[in-house]
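Okay, so chain A shows up in both of these, paired with chain B first and chain C after.
Then we have the complex of A and B:
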């Protein structure tokens, strides 16, 4: 394969990493603060995709505008779900069976609601930009993927700033490190959890709306992304958006470049192989590797 | 501790023999009761909810239409009853769930005492149902499951209306050969295969490869790989296809993957002389998602409403009258014919004994069928062996049948013109 082909593959992997990162960040933060494995994440992503679709079909709104609108709307939905169901879950430092069942149940309800409303046909958004490409030097890039990547990047940077520079962000980081210690220093755990759940669902909705312009979707949409989110969480750790971005980049590079050497049918095997490897060698994720380097320096 | 039959005493042994006789008598009585019945009970298990709801609904509509028409004509002639008996349909919605699908088929065959059962859209649900017919010795016809894996297990009571997918592969190769013979493509072109990692994809690829092996010098397979269903990115795979420098790109994909892959295909500026995504191509959803990007893609399908047979035109008219719309894709047609071939087998059997109906199905020939070739008969493994029709998307949303020649509604456009 020529050097240019390699460059094309690496660029494709980086663009894919952006999408992976924005879809995983919501799940990461919810797990970090509340120790809830949000299995309903895929369901909210799917609803985000339909949200952008409806805005496009009825209001002729660009799906990217739909993605920006999806964030506050799904933030509200997330807070409502928290208030109705999640806050009743027992507080724990480990994921509980109750939380798993609840989130799985919510996912099933969302899926079946979507079947009821939109049926099971595959839907998609086709705009004049769908096949538009951007030429950067010798590389041809899908404009839509480039824009989706930029939106993902901007939202991750903003999220990182919120985590680093605001009281809410400090509360989140404190709760991720130690819920007990956070409570001792006066963190309002219930309010932080409520905001975090809203934020996580907001990101899920936004990711779904972004993906709607790239893929076709049906009520079962989101399942393959959910699996990849687990891998990214383990790889990137829980404490920062940059960790998620790094995890997403490693996964996207491994998947895209890996199948140049092994048959494409092994793409998921690459993801899971990576997951097993990290769990065995670096159970703390890539952050553990950097921490070791930092200590030894 | 285990004991053999011989080691039992006289009385216990007699008891076993009596029990066996009673069972046989019971079964016979069951069949006799069915003959004295005033209707023929047919179990139907299809998804009307869940992810397969739409195709399931279309198949149910096809079955309902056939049952209605047969009953309007007086029913099915059953010699042993000395009269025509109407068909009575017992329907269960399996919710697109494999476990429910199998258990509803079991219910129709056991407690509902159905004479035969029709069910199983898609392959996954059909596969779950397929274990029941041999267990209960009830004929089962699936109008919507195609994978050969179901029919290669030696089942004696399972029949399928869909031609196996490897024939889709060989028909595709045969079609391309006809384009070469028409002087539109060069001989000995290189082919790249990207196949979904399922029985469907693998059967399709094998069909193409076996055809090429039997016709040396026709085409060369320079690339063949499988990919995961629902993959979010195909850039690596497409890069490999690009590097293979093939002239023809043949994939086998579900609708979602077809849309994602073909979007990336166009965005990567890839070009081939001919492109196909197996059985996918002419779907309205694909045109909505890809616009004129779907133009010139060809596909092999089980049935088309454009088939120039009078019975197809009549069916389209009747279906539209019954449902208010024309049939979408092949789903209703295979379901409609599954009822007709079952009715014809019952008439041939002359009674409602399930074994006789099963034997009649094995040799049944449904003439005037809606399917390509106009006659349906089941092969030795229970699967129908009708040819596929090849359709090609044309600009402006037109879809033409381009192969076989006797069913063609338009000329094939090959090689694909370069996009402007």
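Then we have the complex of A and C:
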């Protein structure tokens, strides 16, 4: 393959990584703060996609505006779900059987409510922008992916700033490092957990809305992305949005390059294979790689 | 009271009633085809045996060991396909079921070895990935007909009583295995891992090997259940046996009945067998919605399932258990 083709592949991977990062950052903070694996993440992503779809079909609203609107709406939904269900779970330092089954149940309910409301046919959003391309030097990029990437990047940078600069962000990082120590220095765990759950679902809804303009979707939408989000978490660690971005980049590269060698039907097998490989070789994620380098130096 | 305590099955020497109740149940079930039960009842019972077996299998891993798997359809499906292929070569069905168990155990090792070494949610998440991947592969595999399915042709005529007794034998085997594990040192080790893994490894339990063993036993049972079902159905396809729904049903059964108990999966299997028949007939679209809501309600209100409610009602000290 020519060097130019490789460049195109890498650019495509970077653009995909932006959306992947938004998708998994929500799952990351919920896992980090509450040690809950949000299996319902897939369900909220699917709802985000339908949210953008309905706004576009009924309100003729640009799906990218829909993605921005999805964030506050799903933030509210997330806090409601936290208040209704999640806060009753016993607090634990590792994922419990109960939390896994509860989130799984919420996912089943969301998915099958969507089947009742929208049926099982595939939907997609077509705007005049859908087939536009942008030419940057020798590289051809889908404009839509470029814009979606920009939206993703902006929201990630804002989130990173929130994590670094605000009291809430400090509480989140404290609870990720040690729940016990966080409580000792006066972090309001309930409030932080509630806000975090809201933010996590907000990101899920936004990612779903962004993906809705790139792919077709049905109520089962999101399930392949659940495993991808988890691969990214395992790769990138829990400490920062930049770790998530790095994990997302690795996965997007593996998928974009892997698709050249593996039939399209097996694409999910790439992310799963990557997960198994990482668990076997680098159970501490990419951070472990850097830590090892540091030690040996 | 003694009956209920017997059903709960505590540690220690089993009293006569611990043996009498299962035997009486077994005798009653074994007699059903003799007293002229109609074919539809036998079919319902057979399906219940299959579901109960998978529920008991899941419970060994999920209930005793605390490792949640969302991918038991992999073992069920692999068992079904293995038995189907072997039966078509003409060997005895029971040997084919042994082959199902073997293939399922091998598959369980492939999932377990990378994920069980680590604490945390790795296993649970990986099981979702495995079941997706395996279904995609099986849908594209031309040897087994891909997505269009695979037919089983047996040389002998279809005898429902034969299938019924195979199912009864299978569910009895699963129950006995589950009882033996819960009364053994192995079972204690599994419970220790569930309750506190670091403490368990401090007292000399190797969590990796114990979890792999529990996963293997569970996979073998689920695989055999798939094999027995495949022989009965005579036609299997990837979107049936490998379906995500199958994994959901398998984990739901012990959760409904009472997770981590001996009789929970049995109770759950019976309820599920009957309810699924009725629900599928009346709400073909909404039954997963109902199961999801049921899962949420059980986890939030009574994580012990139906047995948990019974126990709370009776407040019997020997019936306590900590999920």
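Please note the rule applied: the second predicted complex is superposed on the first by the 277 of 297 C-alpha atoms of A that agree within 3 Å, B and C clash if a C-alpha of one lies under 4 Å from a C-alpha of the other, contacts with A are read in each partner's own complex, and residues count from 1 in each chain.
Heads up, the rule we're going with is that a residue touches a chain if its C-beta (ideal position, glycine included) is under 8 Å from a C-beta of that chain, and two chains touch if they have at least 3 such contacts.
Here the structure is a predicted model, which means the values were calculated and not measured.
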| Should the pairing of chain B and chain C on chain A count as a clash or a fit in the superposition? | clash
| Touching partner for A:77 - first (chain B), second (chain C), both, neither | neither
| task | Return first, second, both or neither, reflecting whether A:276 touches chain B, chain C, both chains, or no partner chain. | result | second
| message | So in the superposed three-chain picture, is A:123 touching just chain B, just chain C, both, or none of them (first/second/both/neither)? | response | first
| Which partner does A:102 contact after superposing on A: first (chain B), second (chain C), both, neither? | second
| request: Please indicate which partner A:69 is in contact with in the superposed arrangement: first for chain B, second for chain C, both, or neither. | output: neither
| request: Figure out whether A:16 sits in contact with chain B (first) or chain C (second), or with both, or with neither. | output: first
| message | Per the contact definition in the header, classify A:201: touching chain B only (first), chain C only (second), both, or neither. | response | neither
| Counting only touches as set out at the top, which of chain B and chain C does A:230 meet: first, second, both, neither? | second
| After superposition on the shared chain, which partner residues are touched by A:140: those of chain B (first), chain C (second), both, or neither? | first
| message | Identify the residues of chain A that lie in both the chain B contact region and the chain C contact region. | response | 115, 223-224, 263, 265, 268
| said: Per the contact definition, I'd like the list of chain C residues that touch chain A in the complex. | reply: 62, 66, 68, 70, 114-115, 117-122, 124-126, 128-130, 132-133, 136-137, 139-140, 244, 248, 251, 255, 259, 285-286, 288-289, 291-296, 299-300, 303, 323
| query | Which residues, counting only chain B, touch chain A once they are in their complex? | reply | 49-54, 194, 197, 225-228, 230-237, 239-240, 242-243, 255-256, 259-260, 263-264, 266-269, 285, 288-291, 293
| message | Help me check something: in the complex, which residues belonging to chain A touch chain C? | response | 31, 37, 39, 85, 88, 94-95, 97-98, 100-102, 104-109, 111-113, 115-116, 223-224, 226-227, 230, 234, 263, 265-266, 268-269, 271-272, 275-276, 279-280, 283
| request: Give every residue of chain A touching chain B within the complex, in rising order. | output: 1, 5, 8-9, 12-13, 16, 19, 115, 119-126, 130-131, 133, 140, 142, 144-145, 214-220, 223-225, 228, 252, 255-260, 263-265, 267-268
